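Can you read through this structure? Questions will come right after.
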Amino acid sequence: MAIRRGRGVAAVNYPTGMNLGGDPSQALVHSTPTGNFMVTLSSVDLGQGLKQVMAQICAETIGVPTERVIIDTADTDTGPHCMGTFASRGTHRIGNAIIQAAREARHVMLEVAAEALEVNATDLDTDGEGNIHVKGAPQRSISIFDTALTAHFKLGLSISGRGMFLVPRSYPETETGAMKPSTCYAHACTVADVEVDDETGEVTVTSVKNVFEIGRALNPRMVEQQLVGGSWMGISHALYETTEPYYPSREHGGTDFNEYLTPGPGDLAETETIVLERPATDGPYGAKGPGEMAANPQIPAIANAIFDAVGVRVDTLPITPERILRALKQQRAAH
Amino acid sequence: MGLVLRSFATVNEAGAALSEPGARYLGGGTLAVRAVNEGDVSVHSLVRITDPQLSRIELSEGRARIGASVTMARVAANPGIAFLAPAAMAVGGPAVRNMATVGGNLFAPAPYGDFAVALLALDAKVDARKDMPMERFLETRGALAKGSIVTAVSFALPSEGGFRFRKVSRVKPKGTSVLSIAAVIEEDPDGTIRSARIALGCMADRPIRAHAAERALVGSRRTEQGIAAALAVAGEGTHPVTDPVASAWYRAEVLPVHLRRLLLY
Amino acid sequence: MKLAKDYFADERADGLHEIGRGLPRADLPGHVTGKTKYFADRSIPGMLHLKMVRSPHHHARIRGIDTSEAEKHPGVVKILTARDVPHNVYTILILIQIGPEDEQVLAEDKVRWKGEAVVAVVADSERAANEAAAKVKVDYEVLPAVFDMDEALKPGAPVVNEYHGQNYYLYDSGECRKVRFGDVEAGFAEADFILEETYRSSPIEHAPAETTGCVVVPEGNDRFTCYTNTQAMFFTLDNTSIILQMPGHQLHLVGGTVGGGFGGKVDVIVEPIAILAAKLTGRPVSFVYSRYEEMQISSPRAAEKIVIKDGVTKDGRLVARKVTGYTDAGAYSRHSPYGAQKGAAHYPGPYTVPNVWIDTYCVYTNRTPSSAMRGFGVTIADFALEVQMDKLARLIAMDPLEFRFINAYRDGDMKAHRQVTEGAALIECMQEASRAASWPVAKRFYDMSSRGEG
Amino acid sequence: MPKVPVQFALNGEEKAEFVESGTSLLTLLRDKIGDTSPKGGCHQGTCGACSVIIDGELKLSCLVLAETCGNASVQTTGGLAADGVLHPLQRAFLDHFAAQCGFCTPGMIMAAKALLDRNPDPTREDVVEAISGNICRCTGYEPIIQAVMAAAQGNSQRVA
């Protein structure tokens, strides 16, 4: 038996949002009487943490701590339109809609505080901890709690805002293909190390070093979640997954988690994650959508590493032990 | 029509219930309840036996007798049959092992039934209405007499280090078999192989013996040279399955590789 | 995880209050205590269960459907066929004017893939629904099927989907989406080496932990509340409104907390038929995919075939790239015409190539319709492109990473689809990967910048 | 069809219910008792989302018939937090961001608890084995392994 080692690299980019645009999302923001903020959406959290990151975006924009923002989603009776959670669009599209809504609400909030403090609203700022103060004079302040009470009970004002984000739809030119698929792109580069058993074709991915450029890590712990989980799925796509193992034959499709293969907890590659941030000019606080891209660069990096290890190319996914073994036998027969 | 569970204290009472149309034996539930959950409406009643005798492991005079209701987890935890732990641990994850029974594994179609592969290598005896050697049982398991119930398996304990087991799967640590191999190799003090029984999983629709390889091993030693003839005939008589995990071609290709590793390492 | 803050620091305002902080996720306490409510975590009295009778054939004409025995089965409340569906022929993207409508909610005259929905059985228990489903008799005339994209595109192949009339999607640009940039043949003439390779993939399932499903409750006021795990609430609502010819105000969807999607829950499959069943029975209805259905019936990521022909110079410049991409849509469009054309803009990869020719086809075969999945249109393309890049580098005996630096796109570069590059960061990702992996490259590559400097 | 009585303890609380014969424990817990912490991810025994602990042993509640649970002690993640205080495993899953969609989490925590109950000082390999019957599609498993290790060490703070 020979275990042979190899290393491969791949570099990719990924368009943020629905291809060719035309995918709107809307948000409504309003304050409660005690200065908490409701964000009403019809957007779906698939588990990636949309609700948490939207709360942080709203909190940053209004100038309150995140725990004072409540995300109410998804109910079509109350939530304004969102095209959906797909195409790495959630953070970018919905985040932008929330920023617009939150800015409008913040504007009203500062107007109310200005009236209470008897200053101009343009002279006011938030401290991020729940207070509004006169710029340069932090002792002249009012809490957002009191500001909301004032708006509700004295001034009869609604501290609220409406937000909408739409990248206009692009229609490809039929002959040249001139088009605008996206407004911003995330980037990634992966170096994968593998071991290949040249008698069985079995591959062990020993390590992946993933570098992602994602615009802005709005919540780094959640970014890490998605990039680490995505990397696992990339490895899975490279080596394991298909519903039709003998495609284009329709026979022998897996029907459960024993037959549909994904790497188990004993198959994990040592995973290093590095994040770069080049803010997107139209991203919410610069953020792009890395959710889908997270699973892409590992696939070719592993394919290239396998070639580096044993000198055969498998150009069909998934790169199963069987496909590697067949290629190795051909290689031996040719020599 | 619906579904009913019928519990019986003894094998005899259950036997009659199992003879009825639409009746299916309930062991650990990993096969029977799954079938019901997946919409198998041909099952009208599940029949189980609560007799504690079926959950016993007995060791005496160099033999082990394992009741049909003993779970994989209980097998793996029993120090008297510690050599079997790797085979029991090869079945499912922890929850499945707490449910799946020895009796059930005897009926599991490929690619399942790794424990039955071990029992086949041990040349176990299957206690049903009448006793049957494993190999014969496996050949006829689909056509057991209606109401016939497996109550236990028994086998002679192999000598220290004489039992070897290897399961190959794509997913670790728990995965469905590409193949599994169990072997009981008895060697003379000088290393000459006195007897060999090799059982293969996924190399047919049921566990099968590699008789040609067994014959080739007797009289030689567990060295590269000594096992070469056995490896060359390892695939004789096999009809590997093709399934989502691996093709028959792949299974046939890697059988000698894994048999070599089983025998030498 | 390491945040490499040195890159692009001048383009970023760090030090914000809430942005950039790894705050705890507000939803995790619910997850770890089992209190998070998914669509199925509701106990609704009197609920009916919907099970689907599916085609056992890859391609067949339906000569007749006999539900009389099934209707008499104890526990059965309603049996639905195509006749019960007000607007039975639909396509999801009709909402953004991508037609034609090409798929039947319940098969009427033909089935085009093994597993296609034919009859919906609604009963007061899952068991009764399954038993009755077994009694539904469908008379099929089996037709020749085609599974291979190359075969499907040949003249004389069985026509999979009559709503298209041929086995490919017809774009406004013709049989494929096209990108033409520069002069690809002149580029090949200029190249020192030409490499043409073919890459393939097979379908991939999202396999979310939670299967696709919904629970519908009639509110008694002609409105229907549908608890769903769709990834797109209004996509589902609006398509349901079309299929059921039901004003949108009668529909109320509640969701937003989903046990994994990965693109698998963007199709509109379970909700219209479950809402119809609730409307016709006046009772709550549950339609939840079994794991088998999730694995083999729900849309997978499409299989693809990608042919790449590249021209490269000895000094490592990619001077021409011609790509033909084929997306196996299966029997119906769903999101595949969209996914297939997403590749058209993507195929040059993150590189600047002066001469580009791209054709992308969306092909119909007799298999489970494919649809959206994490990165579709790009994921398999990236596999093909980046293996191709590795081969090209080895062809000209150049370090694969250095070869990518030479061709990496930078701000200001014109892309083949005629957008000027901005916000590029590929070079910096590769620089950081080079350091992290101890994969050294020549100094000039560390001095490069996506902003065009160096 | 007559219903069958079943009496058992759920998270220490006595329950007495009538079920239809053939009902799974998962269905009883979710639809009749209202403990929806075990999830129905496959009903095949291949995903682990429905994992519960019955008389100290990890089992798949989708494959256990309710009427076989008479006098049993059943534990679920829904009953793990005592008096509103999270169990160390729950705390560790939070601290390690060891859940995304959360659908596998209750089953995963049961699998981890079954391990720690009998092996308070597990190796990484022990943890990997313990969760090997539970499918997670989001996290890539590593954060879950880290969380279980940390809970075992009584140190649910993130390992730097």
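A, B, C and D label the chains in the order they appear, each numbered from 1.
Convention: a contact is a pair of C-beta atoms (placed from the backbone, for glycine too) under 8 Å apart; a residue touches a chain by one contact, two chains touch by 3 or more.
The model shown is predicted, which means the values in this text are computed figures rather than measured ones.
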{"item": "Chain occupying the most central position, where position means C-alpha average", "value": "C"}
{"item": "Remotest chain, chain A as reference, centres from CA atoms", "value": "B"}
{"item": "Centroid spacing, where centroids are CA-atom means, of chain C and chain D in whole angstrom", "value": "33"}
{"item": "CA centroid of chain B to CA centroid of chain D, Å", "value": "29"}
{"item": "Cα-centroid distance, chain A relative to chain C, in whole angstrom", "value": "17"}
{"item": "Centre-of-Cα separation between chain C and chain B, whole angstrom", "value": "41"}
{"item": "Overlap residues in chain A, where contacts from two or more other chains coincide", "value": "46-47, 49, 221-222, 224, 228, 233, 245, 253-254, 256-258, 260, 262, 264-266"}
{"item": "Contacts with 2+ other chains: residues of chain D", "value": "22, 42-44, 46-47, 97, 100-103, 128-129, 131-132, 135, 137-138"}
{"item": "Chain C, residues touching no fewer than two other chains", "value": "25, 27, 127, 207, 258-260, 262, 290-292"}
{"item": "Sites on chain A touched by chain B in the complex", "value": "1, 199-200, 240, 245-246, 251-254, 258-267, 321-322, 325"}
{"item": "Residues of chain A touching chain D in the complex", "value": "46-49, 221-222, 224-226, 228-233, 256-258, 262, 264-266, 268, 271"}
{"item": "Chain C contact footprint on chain A (complex, rising order)", "value": "7-15, 19, 22, 41-47, 49, 51-52, 55-57, 59-60, 63, 65-67, 71, 73-77, 79, 81-87, 128, 169, 172, 174-181, 184-185, 187-191, 209, 211-213, 216-224, 227-228, 233, 237-238, 241-245, 247-250, 253-257, 260, 262, 272-281, 285-286, 291-293, 295-297, 299-301, 303-304, 307, 313, 315-318"}
{"item": "Residues on chain D engaged by chain B in the complex (per definition of touch)", "value": "1, 4, 20-22, 24, 43-45, 48, 51, 57-60, 62-65, 67-68, 111, 114-115, 128-134"}
{"item": "Footprint of chain B on chain C - complex, ascending", "value": "51, 74, 125-128, 130-131, 133-134, 290, 292"}
